[in-house]
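The structures come next, written out as structure tokens.
Look for chain A in each of the two complexes below; its partner is chain B in the first and chain C in the second.
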Partner chain A sequence: MAAEQVLPAPKPLNQAPWFAPVRNIVILLVLWEVAGRFHLVADGALPSLTAIVERFWADRADYPAHVWSTLVSSALGFAIGNIVAVAAGILFVLSPLAARLFRGFNVTIFAVPTIAIAPILALTMTGISPRVTLAAMGCYFVTMTATVVGLTQIDLRSADLVRAYGGGKWDVMRFVQLRSALPIILAGLQVAAPNAVLGAILAEFGGGGRWGLGIYLLGSLGRADPPRLWSIGLVATAIAGIAYFIFGLISARVTGASKAVTMTTSLPPAGARTGGQWPSLAVAFGSIAVPLVLWWAFIKLLGVPEMIGKTPWGVIEYLFFLPLSQQAQTRLLDAMGQTLPITIVGTFAGLAAAFALSVSSRLVPNFTRALMPVALFSQTMPLIATIPLFVLLLGRGWLVTLIITISVTFFPAFITLAQGMKMTPRAALDLPKAYGAGAWTELKLVGIPAALPYLFAAARLTVPRALLGVMIAEWLATGKGLGNLLNQSRGYLDYGMIWTVAAASVVLSVALYQIVVLVERRVLANMGMRGSE
Partner chain B sequence: MRMTINRRRFMTLAAAGAALPAVSRFAYAADPLAMQAAWINDAEFTGYFTAFDNDYYKDEGLDLSYLSGGPDVIPESSIIAGKADLTLTTPDTTIKAIVEQGAKFKIIGTQYQKNPHGIISLASKPISNPKQLEGKTLAVPPVNVISVEVMLKINDVDRDKVNIVPYAYDPTPLIKGEIDASLDFTTNVPYTIKQAGGVDAHSFLLYDYGYTIFQDTVVVTEETLATRRKELVSWLRASRKGWDENLKDPNAYPPKFAETWFKGTGRTIDNEIFFNNAQKPLIENPGGVFAMSEDGIAKTLDALGQAGIKGTRDMFDTTLLQEV
Partner chain C sequence: MAGAGGIRLSNVSKAFVARGKTIEALRDVSLTCEPGSFTALLGPSGCGKSTILRLALGLEHADGGRVEIGGQTSEKATASGLTGVAFQDSALLPWRNVEDNISLPLDILKRDRREYSAKIAELIQLVGLKGFEKSLPGELSGGMRQRVAIARSLVTEPGVLFLDEPFGALDQILRRQMNIELQRIWTETRCTALLVTHGIDEAVFLADRVAVMRSRPGRVASMIEIPFSRPRSPDLFSDPVFHKLCDGIAEVLHGG
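And then the complex of A and B:
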């Protein structure tokens, strides 16, 4: 290690780029097998790989119908979500006003904790529509931002050419922007595909019905059979992985080169201010109103009975103007008081873990690439299958919440940070090197400050996920806070509280996101830097 | 059977179609009758599956469709929303909704005379009565916490001395000793624990310690009761026939559903047979399956009253069963 810092060992020439990741995966799998076989982890709660494979083989007849059902809902959701997302992206580029008006909506979709929205969809929709909707929501933000970025980053000369021949806004869109945006949209679809699968499975898990991997997981949960749970989880992971891989291939075909894509966490630039005609205050107000109006329209269009479906006004009434409002407020505030602190701690812990890992990946190159498959795995393995393990290892206190939160937050943050550090300008790195600085000094003086914009990008990504992680842990392990209140209200037919918790968790998530954005603007402005996407 | 599957397939497709434009499916009050079950397909609902496969519903002139449940499915929501005409519920939530939210529900029968919910522990560290829960960790689905708290109160157990944690229907923590007991269906989980952990389970019913309430009460809206009374009576008659036929030999029917109703649930047929045998004494009643005696109703109301849920006799309607 010390020798490496001074003089990095030259990479053997005959070593293929895939060698390190494959080697690491093999080491990981062997460790896993040994740990499982000898009941080393939590008295055998972590099953060995071979036990999982055996279980899968024994159950193989069960899988086709479940997998097919999950595929159908995810594919439908994927199609609908992406069509809406591309259309919205085009609209936002053509009309900066629309982009600003829908800012609140976009942040909401980005920040909404899926666990809070799943029961709402199960209440208000029928059949597979909750699954399709959740799958579509998983795609919207990624593809929409990819579309906007793709449409705005164009070769200006091509646009000038079209205009010189008398082309209007639409012609530029058709001949230049859409074409140049295609590779970026495809890259967005690649990230959206696993999201769609995960959304569908989550909705299946809660929503009733007969087929789907989520349903299968649910039926198997009561069997005390960890190999079964892990094999279902791994099949889900495989589907998500294959979806990611297929769109990677398509994207490589079309663009001729595959690009590394991470999740975009910032909103598309609002564009030029549209003048005094629309004062920014009015636009800001509109931006807050849009999600509320859409919420109201959702209830009204679906014709959900008033007792079940609460409009924004219904939630306000429930919280302030009913005989039991006082009690409802107390319960909500108590739950938020339990959820908020651990969410903030979890955000920092997740970021710190990601930061530590990305720094070490900088010091030990190749580390990043080797960990990528693990990153995808940790993002797609349904938590419900692994929670019993977490609980057995860590108990049911704040520690389990914290670890679950770190596990759902730190990998996306790590990828964002690692890419940021990789993009440090060469010339800036050469300076400390010329003065004989070691890798650590170099990182301290240049790498870390240069990664600051990416740290904020990672923070924006982490905040909503941290809330999600905390709520899942509360729901399944600790029985506290918003996650528990939501679950309990369902059992008590307390529809007002279900909507209130869902709304409160979205507001909380959006508020935390906005705080990060504000801090980011101030800090980066002070340092004379620009934000990163 | 084939008919039913086709219809369910069709409904799935219809639902998929409805997802495209946010079109309401609440609007169409279906002419066929629909029932919403309380959980995924397991032995809890064998009587209905028997009635389906033996055409008892068809013979009554009913075109019945069956909606499976799940953790996020609130059975009562389905009848409020018009997705289903009748449903099976836990009476405490139903009566709480009538009292606190003015929901227009009527209970027209009950599947379980004795609630199958119980406290399950390991035979090696048995917990045989509420008092022994003191100082122990008990996993309870958040939905049932109220029931457990009432049971503790009735038996003079200090609530604060019991560490109640959430239960996610996975017996692993109990087998591994992370928790001391869980609240679940005593008709089901002891089998799983034996099979998966190789250890014996021990249990007692909440019912035997003062929480004397029904379970899987048949609930309809007042409107359905007024407009579709005839079909509801037919449903009760056909379902009772299904339960009678199924309970004649609890080992007989579950295997027949292996490739249909129980296919791909992730559970085993042996488990369903155990469940079916264990639930028999909790369902059977001299007055016939679903019957609600005045004594049974009074006990349910009394137990709920201790939970602060003030139900009344007029929430139950026994006249349909008299017509059966």
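And then the complex of A and C:
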């Protein structure tokens, strides 16, 4: 062991690279079993592994129909969402004006707390279409972003070559961009796959129906049967994990065929350009108008009765110009007052923990390395399936909300930060050391500043997730805040309030996201760095 | 061959704006390359020699002056397949094998690849890559990749060939070998060639004329005729006259 501390890099030769992770997982499983057996956690809320497997076996006849139903809607949504996303990504790269006009739409889709629109889709659509829609929405942003990044981060010299033979935009797209974006798009699909499953399950929560893992989970929530909840949660995780794994394999194959040759890592020059003849104010206005117009068109095209389907104007009317508006406002503001603080505190705590851990990863590399697989695994777990487990463990107070928020922010933030910081050039990190600086000086001079862009990227990623986590917890467990108001309004058939809460939570989420973006621009500009948006 | 065309730049100016500052990349540059001649553009980094080449290829647009390739605008000349180009980096597409990379210009110009199959085989032979037709760039060495790029620049049988530091990323030994091969290839095709380089010996060995450039603003400082007869043998590299010429050019470069 002492030798390992002196020479950190080389591992013992006889030890396969998979040894440490497998060992950790085995230890974890054994601990789990012991804790469950002896009711060590929250008075039996954490059942033993064997109890979960037994329960799963006893219920085995229930699963096929539920799993199949969830699979069908996630797969359909996955296909539709990704086709739209890739097409949109190509459009945004070819037409910067379109990219700017649809920015508001994209941010909205990204930030929308899916739980908030699940009831709306259930009201306005029939059959499995709400599930398909939510699954598709879960995929759209990830794949669209991956497509845009893949198509822009190309080898500029290859693009020059095509243009040097008189090739135009389309030729560059055809010969260089599409193929070189493929690995990145596939990586996007990999992340999108669990999102599709999560979206479908969320819609099942909000929409009712007979089959689906979400329905099954919701139905089992009231019965004090932890092993069943856990086994449903694990099955959902397994589905998401398998989807993630399959696309990982495809992506590895494609990448294998196209890498191992010099490719520039430089970003294309980002100038102040694009859509010159359109004043930026008009574009900004258009960008806000697009989501509203689409909302309005959605209601009109589906022909939803005015009573049930509210247009943007309908929501404003409900909130300001009706006899009961005053009361509606109070309820909404009260709920926001409960949801917002815990979202912010949880996000900060999760981000701070992730930041501290990843920045100090050079000090304790072994711990980081051990945590990474757990963090990645947590990303394939559908949030909705894990929240009931948190409720089992922590009860129904504010603590559960806070812990859920921290956990939904911590892991993705940690992954973003850890992966980003790997891109810091080794030489830059080594330079302070070469002048005899200690670990702390090195962190202060290089580690922390280099991590800042990724901290902001992580914040942008996690703020909407935190709100979603809080709202799901409120809906299912704590009976407070926006999530609860949404659930109640569903019960009272208070359509105006359902739409209002949905709209308010989207606006809230987009606003939080925009605040992060503004702070990011300000801070990074001062430091002479560029964000990754 | 499409027939060698000349290159004519008349009073060309070009400025770039970077971080609010304007940088004059080229001021009032005139350069004429006769059909079938080999001209080298020599100069320090940032003197605008690559900009000249990018203007000639239509990748940038001049702020003032005229650029003509074979009597046409750059856009027309490149789109008609008159020109060929090899960059400093091979810029091969990693997912295309050697043959397919060489054929890329044909695909862009929408020419039928089958009509060129003999030409492609001949070029692969010419650059010494026989047996590697189906290899992916990742499986080739740096020198081999660069030879693929040279073959690719010749596949359209260009009348005008642009070479932007094509051997800049190679080591000195490989670079000399490639210089010798390039001279042999060029002698066979006899197209108009414009080579951008910052290697003095490379420029002198290959070119009929060397245009020495200066920076801030980028301009052609002097034009030097290279008197050696062709074909030039590798022994030339150790010829005292060759060295004297190189030293003279170095003096022009560094002041004088």
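Assorted remarks:
Methods note: the second predicted complex is superposed on the first by the 456 of 533 C-alpha atoms of A that agree within 3 Å, B and C clash if a C-alpha of one lies under 4 Å from a C-alpha of the other, contacts with A are read in each partner's own complex, and residues count from 1 in each chain.
As a convention for this text, a residue touches a chain if its C-beta (ideal position, glycine included) is under 8 Å from a C-beta of that chain, and two chains touch if they have at least 3 such contacts.
Small disclaimer: the values here were computed from a predicted structure and weren't measured.
Looking at the shared chain after the overlay, A:Ser48 reaches neither chain B nor chain C. Set against each other, chain B and chain C touch different numbers of residues in chain A, with B touching more.
Contact with chain C, but none with chain B, is seen for A:Arg157 once the two complexes are overlaid on the shared chain.
In the overlay built on the shared chain, the residue A:Gly167 is in contact with chain C alone; chain B does not reach it.
Judged by the touch definition given at the top, the superposed model places A:Ser287 against neither chain B nor chain C. Once the two complexes are overlaid on the shared chain, A:Val176 sits against chain C while remaining clear of chain B. Of the two partner chains, neither chain B nor chain C is touched by A:Thr409.
Once the two complexes are overlaid on the shared chain, A:Ile80 sits against chain B while remaining clear of chain C.
When the two structures are aligned on the shared chain, A:Thr143 is found in touch with neither chain B nor chain C. Every residue of chain A that touches chain C in the complex is listed here, in rising order: 155, 157-158, 160-167, 171, 175-176, 179-180, 257-263.
Chain C contributes residues 54, 57-59, 75, 78-81, 83, 85, 87, 89, 91-95, 104-105, 107-109, 136-139, 145, 156, 162 to its touches with chain A in the complex. Remark: chain B residues 8, 11-12, 14-16, 18-20, 22, 24-27, 40-42, 67-74, 76-77, 80-83, 93-94, 96-97, 100-101, 103, 141-146, 164-166, 168-173, 175-176, 178, 188-189, 192-193, 196-197, 263-267 touch chain A in the complex.
Across the complex, chain A meets chain B through its residues 42-43, 45, 59, 62, 65-66, 72, 76, 80, 118-119, 122-129, 132-133, 205-211, 215-226, 228, 298, 301-305, 307-308, 324, 384, 387-388, 391-392, 395-396, 475-479, 484, 487-488, 490-493, 495.
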